[in-house]
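Read through the structures below before going on.
Same chain, two partners: subunit A is paired with subunit B first, then with subunit C.
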Partner chain A sequence: MHLAGQFVRRILQGVVVVLITTFLIFSILRIVPGDPVRLIVGGMAPDNLVEEIAQKMGLRDPIPVQFGRYLSQVVQGDLGNSYQRPKNGMMGQGGDFNANMDVEMAEVSDLILERLPYTLQLAGLALLISLIISFPLGISAGLKPKGFISKIAFFISSVFVSIPNFWLGIVLALFITIKLGLLPSIGYQNFAYTILPAIVLAVETCPFIIRTISVSFAEISQEYFIKSGKVRGLTRNGVIYRHTLRNASIPLLNLLGIQLSTLLGGVIVVEYIFDYPGLGQLTIYAVLQRDFPLIQGIAMVTSALYVGLNIAVDLITYSIDPRLES
Partner chain B sequence: MTLDDSSISKKIFYDSWQNNFFKFSVIFFIFICLLAFIYPEISEIKAEKMNIKSKFLPPIFFEGFSWTHILGTDQLGRDMLMRCLVGLRFSLIIGFASVFIMLLFGCLVGIISGFKSSWVDVIIMRITDAQLSIPMVILAISILGVSRPNLASIILVLALSGWPLYARVSRSMALIERDKEYVRGARILGANDFRIIFFLVVPIILPPIAFVSVLDIARMMIFEAILGFLGLGVQPPTPTFGNIIADARKYLINAWWIATMPGVFLVITLVTLNYIGSTLEKSKNKIFGEGI
Partner chain C sequence: MSNLLSVEDLSLKDRSTSNNVLRNVSFNLREKEILGVVGESGSGKTLLSQAIVNWLPENLVISSGEINFLGKKMSAMSENELEKEIRGKEIAYIGPNAINSLDPTYSVGAQLLEKAVSIDKGNTSKEILKQKVISLLDDVLIPSPEKRFYEYPSQYSGGMMQRAMIVDALLSSPKLLVADNITMPLDVTVAAQIIKLMRVLRDKFNTTIIFSSSSLPIVREISDNLIIMKNGSIEEQNSTNEITSNPKSEHTKELIKNTPKIWSENINFQNIETKPILSIKNFSKSYKVRDKNKFNSFYEVKAVRDFSIDVYEGENLGIIGESGCGKSTLSRLISLLERSDTGTITFNGEDLSDLNKDKIKNFRQSLQLILQDPYNSLPSRQTIGRIISEGLLIHSQLSKMEIKEKVLSIMSEVGIDQNEYNKLLVGKSGSFRQRVSIARALILEPKVIILDETLSSLDQKEQEMLLSLFSDIQAKRNLTYIFISHDLAMVRKSCNRIAVMYMGRIVELAKNEILFDKCGHPYTRTLLCTIPTLDKNPYDKNLYLMDGEPPDPTEIGTECSFKSRCPHFKNNKKGSTDMGLIEIQSGHWVDKCGVDCGR
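Entry: the complex of A and B
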C-alpha cells in the first residue's frame, strides 16, 4: 500500500536523523575543551591519574571508534552509566579523587525515565493553558482580520513573544509567590508546583499558536466548501465547528511537530529557574558537569521524540485530510 | 518574479511605512539604539562604578529614590540605567551580528543545496533535520559551557544554532527559481552556476528572507539574555541583561527592581523590534504571498 511504503521510508529517514543528531552531539562534546575525567576525579588529582582513567574509559580513542562502541551499546538497549550521579542519588563531592570511582553510577535510562513524567506533566499543562488562551483569540482574529479582537490578538502575541521566559519566571515568583503567597514556585512537592512554570511556558508558546490558528482560519473561511455551507442552510457557528475547526487543526498539529524542540528548549530554562525536577533541569546540570553519557542519552531521546512526533502528526494529518497523502 | 531586488525591498518597506505605529516604532527603536551606544559614553555615571554608600536605591517615585539614579542602584551601588543601557548595547550587537551571519550562511548553503539537488542536498537537509530536532539551548550550552565565553564565541554559537531554518527556507525558494525561464535563459546564454546563483538568484531570494529575519534578531536577543542568565554570556563585570538578573535573584525580596527593571527595559525594546518585524512580514506576505 502507498501509505505503508511511505511510512517505512519516513521511519528509516527518522533513524538516520537520530543517528546524525547523536553523532553531532557526541563529537561536539569531545571536540570542545573540557575534560569530564578532570571533573570525575576532582581538581586535586595528579595529571597522570587523569590520563590513566581517561585511557581506561576509552576517552582517548578516535571519535569514530568511540561512537561505534557507543552505538553497539545503544543497540543492546544500554544507554550507559552517568559519570557523575551515583545510583543511590547522593551526589559525589568532586574533591576526593578516588571516592567516586568505587560507587556504582546510575543508569542513564533510569535517570531519564525518572524525570520524564514531571516534564510531560509540565509540558502538557503548558500546552493546555496556551490552547485555552489561543483558541478564542485565534479563531476570532482569523474570521475577522480587521476586527478589534484581531488587534488584541496581534498585540498580545507581540508582547508575549518579547518576554524572556526566565525573567517572567522571576517576576511571577516575586508577585505570586512572595508578595501574594498564592502559588508555590521553587522545587516540587505536589501538583501546585507545576502551575507557575506551566504559565511561563504557555506565554512562550501562545504567540505561535494564536498565529497559526488565525492564519489557517482566515485561509479556510475563504474556501469554497465553507462558503457553500451558508447556502446549505448551516449557521455560522455550525460551519465553523463542523468544517473549519477540523481543517484548521492540520497546521496546528504541524506546528506542534516543528516547535517541539523550541518547546523543550523553553522547558529546560523554565525548569532550571523553578528548580523543577524534570528532564530540562537534568540536562542543564549534565551539560555543566560534562556528563557525556547522560547528555548523549537525553539528546538521543529528544531527537527520537521529535522524529516520532512528526511521523505521528503526518499520519494523523493524512487521516484528517486524505488529499494531502500525495 | 521579474522585479529587481531594490524595488522589492522598497515596496515592502513603503507598504509598512503607511502604518503610523510602524513609523513610531522605527523612530523609537533608533532612539533606543542611539541611547544605548552614545549615552553611556558621554555620561559621568559609569556602569561599572561601584558606590557602596548609595546601594539599593529604588527607582524614581518609590520611597527614598534619588534623581541621579532614575532606575535606582544595585547591590553595589551601580547605576541601573547605565547597566541596562550597556547590557542593551551588547544585546543589540549580538542579536544583529548573529542573525546577519546565520542569514548569509544559511541562505548560501540552502541555495546551493537547492541548485545542486544531489547527494550534497540530501546530506545538508538531513543535517538541518538533525539540528532542528534538538533544542538550541543544549547545543549552545554544550559549546559555551566550558570555555570563558566572549562576544565572538557567543555570536558564532547563536549563528550556528539558527542557520538550519534559513537553509531550508532558501532551499525551497531556490527549487522554485531553478526551473524558471530566466534561469534557463541565462544558462543557454552560457552563464555558469556561480554566476546564476550569485547574480540572479540571490538578489531575488535574499530580500524577503532578510525582512522576516528582523523577528529573529529579537529572538536572538532573548537567547543572549538566557545564556547570560545561565552564566554563559558575556562575563561580568560587563553588565548584560542575563547576568544582571541572575545576580539580582538573591535580592529579590528587598530590592525587587534590580531583577525586574532590566527585564522591563528588554521587553520594551523587543516589543518595538517585534512590531517592526511583524509589520514588515505582513507587507511582505501582501506583496509576495505566504511563500515563506
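Entry: the complex of A and C
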C-alpha cells in the first residue's frame, strides 16, 4: 500500500479548502456592517480620525489586495496582531479614544495557542466520556437489534438528543456545584473545571455515536463473512473482536472525525455558560469586538484542524479497508 | 467399511410456520465416498448440508430423526462440543458464496492463518502454520501462493476465492467435507477446474465429500453415489451410473430429459444469405485506471481490442466468452452507449461514426438492448404500462390513446395479460420482468436487439419459454438478434453463427454446427469441453481443460493472449503466436495462431 501519494494529494486539497474558508471569512467580515476602527478609537473620536486610521491600517484597500497582504504575512508564520487585545492583557477602555494606539497589541498566534490546550482538553474529555457510554450500549444493541439493551440504548439516545445543552449546563452547575458542592463549574483553575462542561458536550454527542455503532454493528453482523465464521470453526468472540468490530469501526471513525472537529471549533455555547477559557469563548469576544485578525486566525486554525482530522480519519480507514482507497 | 455418517429419518421444521422443510431424509455415507446431492433451488439440499454441519438458520429446528457422525449421535453433543470438535474441524463446509466468505479488511492469508491458529490451539508455531497454509494454497493451484497470501479478498477472482475456501476447509484435515453448490456462481471453465481439483484433493487427503448442486451433469462427474431431492425429500438414491442410465422415479426422468443436450440433438438452422444490417470495424476500447502504487499515474485496461464483425439481417448471432472477456463493454459500444476509441459502425448502409445526432436518434430506435438483471433494469415505482410506453414517449408524437393501444398490443404479443397495464412489478418473477423488458424494447419496432445475458438469471424452463417467444417474434418482425452470453448450451440452441471472445478479441467465428463439431481454436475447445451435459462430449476434458485464470488485462501484449493457458502451447512450445483472424473455410474464421495449434 502506498499511502504517501494519497497523503500528498489530500494535503494539497486540504490547503485549498483552508484558503477558500479563510478568504470567505475575510471577505464577509469586511462586507458586513461594523467598523473595527470605530471600536478601536472609541465612540467619541471624530470621523476624520477614524478614516485616517482606517487608511493607515489598509482597511480601505480593495479586499483582494488586503487578502494578498494578509496571506503573505501568514505564509511567513505571522497571523497578525489583535486589534483589541494588548500584550499585557489589559483591555482598553472604550471611552477615551486613542488610549491603546501606543500599546503593543497581542499576537493572534499567541492568543490562539494560549486557548487551544484548554479546548483540546475539553474536547478530548467530552469524547472520552461519550465513548465510554456509547461503546457498550451501541455494541450490545447492534449485536441484538431486538434485545432489551437495544431498547435502553434507544431510550437513552432519545432523551440525550432532546436535552438542550444550555439548559443541562445550567442545571448541572446549579445542582452539582451549588447544591452538592461536588465539582466546580465557572472559570478555570484546575482540571476539575473541565468535567461539567465535558459532560454536557458528551450528552450532546452520545446519541450519534450510539446510533452509528449499533447500526453498523447490526449491518456487519449480517454479512456472510461474519455469519460463516461459526461454520469455519472460529469462536464467536474471536469473530466479534477481530472482524465485526474492525469492519464496524469505519463508519464510526468517520463520525468521530466530524464530531471531534465540531468539538474543537464550535463549543461556543457551552464555553460561554461555564466561562471556560477555550477557543469558543475567544471567538465570541473577537466577533463582538470586530477583531478581524483574531477572527481570521481562529477560522484558519479551526478549518485546518478540521481538514487535518478528516485526512487522518481517511488514512486510518484506508489502512483498515484497502478497498476504500480508490 | 464402516459408515462415516448416517442420517436417519431426518426432518426439519420451520419454527414460525411449523412447515416441514425437510422430510424423512435417510442415507449412509462410507469413508472416502463422494455423495452427490442434486435438486433444484428450494429442494432442501442446502438445508441438508447445513443440518449436517450443525449450522442451521435460527428459524429451523430438527423435528425428528438423527445424524450420527463416527457412530456418535450429534443431538447428544453439547453446543460447546460441537464448536470445539465438530463444526469447521471434523466436518468442514464450503458454500456457494465464496466471494463474501472472508473479511475484506484482512489479507486472505491472514484469515486462513487465523483459522489454522484457532484450530491448532497454540500447539504449533505461527510460522509453521503459515507454511502449511501456503503449501495448501499451492495444492489448490493458486499461482505464486507466497505472494497471493498477502493479497486481499477483493484482489481474488471468484474462482480463486472458491479455491481459498477449499483451503480453509482442508486446514483442519476434516473427515467429512460438505461442498454445497460451490460451482454455482462460477464460469463453466472455472467450475470444471474446481471439480477436477476436488477429485485430486479427495485422493490426496482421503476426505469424504458430500457434493450438492442443481446441475446433474456437474454432480455426475464427481460423485460415486447420487441422491435426487425434490421439495425437501429424497426422490431417488443409488449409484451415479445406475441413476443416469436407468432412472426409476418420474422426477429423475424429467430431470434427465430437461438437461440440455449439446451434441446428441440435431440442430437445424437455415442459411442466412442477406446483406449485413450492422457492420462493426476495428472497435477498440481501453479504460484508464488509477495506479495506486504510484502518484498520479494510470494504467490501461484493454476491454475490447480490434473487434470487427458483420451482422446479417434476420440472423441470430451469438457472442460467447468467460466473464471479464469484454462482452458487456462490447454491447455498450455497439449500442453507442459508450464511444469506442477506434473503428467505425455502419447500420443499414449508413455510417454512424460521424456522430450525427439525428442518425443516432434513429439508430437508438432501431437497435434495442435487453439486459441481464430484470430486477435492477426496470423502475420499480412505475406501472407496467408506463414502463413499456417509455420509448414512444421519447421518440414518437402519438397521442396518449394511440400509445396505450400500441402498448396493449405489444403486451399481448409478448404474453403479458392486458390487465397488468396499471399494475406495478412488485412480486413479479424474473421471467415476467424480462417479458416487460422485451415489450419495452419491441415498442419502438427495432431491427436489431442485443440480448446481453438476458436469459442467464432464469431457470431452465423459463429460458425455454422465452427462447420460443424470441423466435416467434423474429418470424413475425424479421428481427436480428445478438445473443451475448457465457451459456454455451443456450447459444447452441438459438444461434446461427457464434463468435468466441477472449480478452476482448474474437478468436473464432463460425456457424453453429461447425463451431461445435469442428472448432479451430484451442480456446474454443477448452470452452466446449467444460459444458456440463449428459451427452458424450467429443472434447476430452483431460486433454483440453486449461489451468489458471485469464491473464491480467493490463498486461496483454501484441502476441496471442491465450498463450499462458493454452494446453497446446504448453505441450509443444512452438507455433505462431501472431494474432489476426483468417478464414480457413468459407465463413469459418480463426485467429492466426489458433490455426497452427488448433489441429
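By our rule, the second predicted complex is superposed on the first by the 311 of 326 C-alpha atoms of A that agree within 3 Å, B and C clash if a C-alpha of one lies under 4 Å from a C-alpha of the other, contacts with A are read in each partner's own complex, and residues count from 1 in each chain.
Going forward, a contact is a pair of C-beta atoms (placed from the backbone, for glycine too) under 8 Å apart; a residue touches a chain by one contact, two chains touch by 3 or more.
None of these values were measured; they are calculated from a predicted model.
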Worksheet item: Is A:V231 in contact with subunit B, with subunit C, with both, or with neither (first, second, both, neither)?
Response: second
Item to complete: Using the touch criterion from the header, give the chain among subunit B and subunit C with more contacted residues in subunit A.
Response: B
Practice prompt. Write out the stretch or stretches of subunit A touching subunit C in their complex.
Written response: 1-2, 4-5, 8-9, 223-226, 228, 230-235, 238, 242-243, 246-247, 320-323, 325-326
Discussion item. Could you list, by residue number, the parts of subunit B that touch subunit A in their complex?
Written reply: 126-127, 129-139, 141-143, 145-147, 218, 222, 225-226, 229-230, 241-242, 245, 249, 252-253, 256, 259-260, 262-263, 266-267, 270-271, 273-275, 278, 290
Response to the item:
The subunit C residues in contact with subunit A across the complex are 53, 55, 83, 87-89, 92-93, 95, 97, 100-106, 114-115, 118-119, 152, 154, 168, 172, 290, 292-296
Fill in: Of subunit A, residues touching subunit B in the complex
13, 16-18, 20-21, 24-25, 28-29, 32-34, 154, 157-159, 161-168, 170-171, 173-174, 178, 215, 258, 261-262, 264-265, 268-269, 272, 283-284, 287-288, 290, 295, 298-299, 302-303, 306-307
